[in-house]
Amino acid sequence: MDTYSHNSKPRLLEVKELSISFLKQANAIDRVSFKLEAGKTLGLVGASGAGKSSIARAILGLLEPQAGEILFDGNSISKMGKHQLKAARRRMQIVFQEPAASLSPRRTVEQTLLEPLRHFDIGDSNSRKDKISQTLRTVGLNQEVLPRYPHQFSSGQQQRIAIARALITDPDLLIADEAVSALDVSVQAQILQLMQSLQQEHGIAFLFISHDLAVIRQIADDVAVMYAGQLLEYSPANTFFNRPAHPYSKALLSFARFDTAPELPIRPQPVQHGTACIYAGQCADKMIVCGRFEPEFHKIQHKKESHCVKCHLYDEKNTNDM
Amino acid sequence: MTDTALTTALNVQGLSVWIKTASGKQQIVDNISFSIKAGEATGLVGESGCGKTMTAFAILGMLPAAGATLESVAIEVNGRDISSLSSAQRRSVLGRDIAMIFQQPGTALDPVFTIGQQITAVHRRHNRSKKNKHRQAMLNSLAQVGFDQPDKIAAAYPHELSGGMRQLAMIAMATVCKPAVLIADEPSTALDSGTRALVLKQIKRLQTDHGTAILMVSHDLSVIRQSCENVMVMYCGRVLEKTDCQSLFTHARHPYSAGLIACIPQLNARSASGAKAIPGQVPAPSAFPPGCHFAPRCEHAASQCDLSVPGFLAENEQGNERGNERGVACFRPL
Amino acid sequence: MTNTHIAATGLPFIVRRFLHGVSLMLGVTFVSFLLMVYFGPDKTYELLGKNPTSTQISEVRHTLGYDQPFLLRYGNYLKELLTLDLGLSDSTGEEVKSILTRTLPISIALVLPGFVLGNIIGLLLGMLAAWYRGRWLDKLLMSASVVGMSVSFLIIIIGLQILLCTPYGLNLFPVRGWQVHDLPSYLYYVTVPTLALLLVTLGYNTRFYRAVMVEEIDREHILTLKAYGTSPVELLFKHVLKNSLIPVITRIMFSVPFVLVSGSLLLESYFGIPGIGLVTFNAITSGDQPILKAVVGLTGLLFVLALMLTDILYSAVDPRVTRQ
Amino acid sequence: MTHTTWQRLKDDRYGIGGLFIVAFFAVIALSVWAGLLGQGWSEVSGNRWESLSAAHWFGTNLLGQDIFQRTLFGAATAFEIGLIVTVFSIVLGTVLGALAGWYSYSWLDEVILWIKGVLDSIPFYLFAAAIAFALQGNRWAMHLAMIITFWTTTARIVRGEVMRIKQREFIEAARAIGLPDIIVVFRHVLPNTAHILLVQSTIVFVAAIKTEVILSFLGLGIQDGVSWGLMLAESSQEVLAGHFGNFVAASVALFIMLMGFNLLADALQDALDTQRVNS
């Protein structure tokens, strides 16, 4: 599946036909592919349990995929040697959903920030001190947080510390796994503002995972929609929010706008590989073919942006029995 | 009883709550008063830690934190004051006249009893009829929240259902005795957008079809705007503004309300500068500032705001035709 | 402790629990063989007189099988256990099997009332303390149980004996012996040992059950039940109790083997009651190997049975414990 | 022990009481080991069953030995047993528990749980007897028997806690930058179990002392020197003859020390509870 026009420089991150399964369940992630350019933000959207976090862990090398490949700057993570992987890991960091749970409770903020610097042996003891104070400033905190423990901060401050830890190695890719979902609206706004300025000033690429479409709207350049482990739609943000192609995307947007509500039962039925569209059970525009064949990805061309959707509606062959 | 008392499903007057903390007794709910008519929905909005959940529990006379104390002038459900009842009398009211649903559907139901057993128990407790009407009432209640095979759901254990389904089962339990008042504490926060819409739709149906008065507690203003007519904005234990949702979103009178609204990420517009955030953060109960609690974070604050506590200026009679309460607690409203 | 990890071997749950039990039994018998036979006392010199010749020594060693390879000796040791051919007691020469069958019922009769009462009263007090957490009743029960935990079993036994069985005290009960033929005589002999067992376990039980109950009472679904007018009695005895059955079952099932052997050991040796405890006591002090081996085998078996029974009870009590 | 836990411990009266008792007995134990106290425990310095007097504060026992000296020496013995058993069993339990928890549901976890199951199913007093035989009355047989069996409870608790902590995001963050497992376990996992180990140590200390009493009664306890267990075993005959000196001295001393440790354990539990990793 090729979702992009080609250019020479290898992309920062490329996920190709990624499949992950846990114990004996069906594939939690089923042949997912997407790309992320340097300095851009990809919003990974979908209901909880659609497998978004597993992709993040696979990219970080914490999960071994069953099939497919993850290319960072053109080379595959699972094939990387120890040093190459360490160098790659320096350039990609993650921020989690629960701020309190993402900081080691028995270690001070200073120790938490020093750890990545020592691990990747960045700079020496005094240059590290400057690096720490400079990073703290970028996330809107100051020196006196250093000797204190995580439980002495509000969740908003804890998330800023977690972001500082992720920034301190000057990463090119920052994965935000529901990074603002656990925060109050006003704190959420502060963190989103911080992430936007980080992107503009430092050119960091964001893989922003969230179930909240309004949050994605504020930060994403492109949007990828996941449902029960499969990628259903991939499109630039403006196109997605104004002219969603896939029925599931349309449903998600109308739920978010409180226009409609889904019918019961709402759990996705497990679908055998390749025998049907995974969203068929819930789909408002279901056709006969949707129940029998798995749709391919189809490209909808607007001007130069690429917009692909995995749905029989956009397959010319089926237009006759629409 | 005045006629408004007849149609008022829930009337809360002068409700305050104190909790015991390391640094002594702290007040976390400060003299809250409001009333909700049958078939009306009122939102109680505020950030985490503002005391909104504690208010909900205090209305039922339940204080989860050990060493917490509660005071109220009156808490009337259908005109009957439940705050002065003995615990046995209050138990006969809870679940029959006033019911509550919770934020975490995953942990709000007893894992070792089936959904059917738990709902039937509530009905049996409040209806002493001999025939097995209880099971039938449970099945009807499940059907009404949208389950097409209620008996399958009744036989299931909570861990066998998804989050959304558990919340719907919770609503079925809350409404099996057709209560006059339903308190919903963050009913959709733990759900994703699909199930959220479904749950809010069912709550709306209770309000319109059964005339249940709804008090919805949430930190999410867009959920409140969608499901409630009136809204109360709460901060550090005090209600800062009371109005209808329409007016709040068109012209919020209190700076904090305006700030909250500005923070909401808009679905259809990517604001260039990003959502405008409120500077600073919510203080802990032991560190509530004197005077108006929001003063330190408020751009419109004057010296007066730091010194004295703004009284709640209820607006004069020209409130909209349904005459519900409106007002703002601010020396310099917008 | 139970191995709640459900191996993804697809074997039915019961078979896997049985295999786990068998593996434990093998471990127990191996350790007991190692300690009591391999490193156990060498009986050759007992059978030989003074300064025996080397041939006599090797002859006796051969008859006793000491010269056989380690695994072979472990093999026949297992065979003996499996065929219940437990040999003869060194000290009395009586068949070990008959000793066990005679003394086990006495020990059970001795230990059961104290064990059952200790857990039931402990559970009730634990519930009370948990329900009134932080208030004076909770503090009273907790300090009482701290006292209970700080007193050694031996002190309780001697203290009760002075108090109840000697002229220095009330002198109502026998200081030794077990002439039991009907209920009154049973009560006459069992009261003081039961009281001792009760006093020593009540402290630990109350604290344990209180901790379990406190954890259950803090769960969110209890708040829901309160919000729907559930009475405290129904809340405690229906919901809280059923939710805490797993830790309760675990504690009861796994203390059975110990109370039956270790508990009875002290009580019987002190009160002169001819149960398995007294037999084990004498076996320890006189180094009677066959008895020790048999008792270890018996406890191992009891432990494994307790293990398997617990798993079955778990799934009966808690629907979340599914048996993939 | 962060600053706030110390404050919380300080205003817990019982906790401070417990700490004082433990310190008091620690001082006695140290002075006995240093040879300042309780050296005359074995001398026959009086005749049989002398009652309390200036020369013999607690009177004398069957052989005419001074009970007060023996009680002091008993305190040192109790402390020695408690310390040795606690240190070794906690360390062993933590290491094996952490391994089983970190590699949970692996073959290593299975093996450790199997060993634990085997040891848990052997009646302790028989096990101690068997070890005593195997080591032919070696002075450390009792300690070894206790260490080999006491580590299992600590291992079970540490395993559960490590499995819980292992899923927390701050562990994933550490592994995401490629920190080796050993560093993650020792820098991020184990410090968060410290509070449990502290409480568990006091509990094991109490268990060790109480077990020694029973082992001495069975003749498997202390081989050289005297312990409260031995004194209680001696007293079991004397009591019937009406001589309570030995019994009262040993049981009261034992009771006070155990109360001290139990109160301390409770206070530590409460003080450290709020510090725990908030689940």
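All chains are identified by letter, namely A, B, C and D, in their written order; residue positions are counted from 1 within each chain.
Basically, a residue touches a chain if its C-beta (ideal position, glycine included) is under 8 Å from a C-beta of that chain, and two chains touch if they have at least 3 such contacts.
What you are looking at is a predicted structure, and each value in this text was computed from that prediction instead of being measured.
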Pair of chains with maximal C-beta contact number: C-D
Chain centre separation (subunit B, subunit D; CA means) in Å: 52
Chain centre separation (subunit A, subunit B; CA means) in Å: 33
For subunit D, residues contacting two or more additional chains: none
Contacts with 2+ other chains: residues of subunit C: none
Touch-based graph of the chains, sorted into line, ring, star, complete or other: ring
Pairs of chains, among all present, that meet the touch criterion: A-B, A-D, B-C, C-D
Subunit C partner contacts - residues on subunit D that touch it in the complex: 14, 104-105, 109-110, 113-127, 129-131, 133-134, 152, 156, 206, 210, 213-214, 217-220, 229, 232-233, 235-236, 239-240, 242, 244, 247, 251, 254-255, 258-259, 261-263, 266
Subunit B contact footprint on subunit C (complex, rising order): 133-134, 219-221, 223-231, 239, 242-243, 317-320
Footprint of subunit A on subunit D - complex, ascending: 2, 168-170, 172-179, 187-188, 191-192, 194, 277-278
Of subunit B, residues touching subunit A in the complex: 47-48, 146-148, 162, 164-165, 168, 192-198, 200-201, 219-222, 226, 259-260, 262-271, 273-278, 281-282
Subunit C-touching residues of subunit B, taken from the complex the two chains share: 57, 60, 62, 64, 66-67, 88, 90-96, 99-100, 102, 104, 107-113, 121-122, 125-126, 157, 159, 170, 173
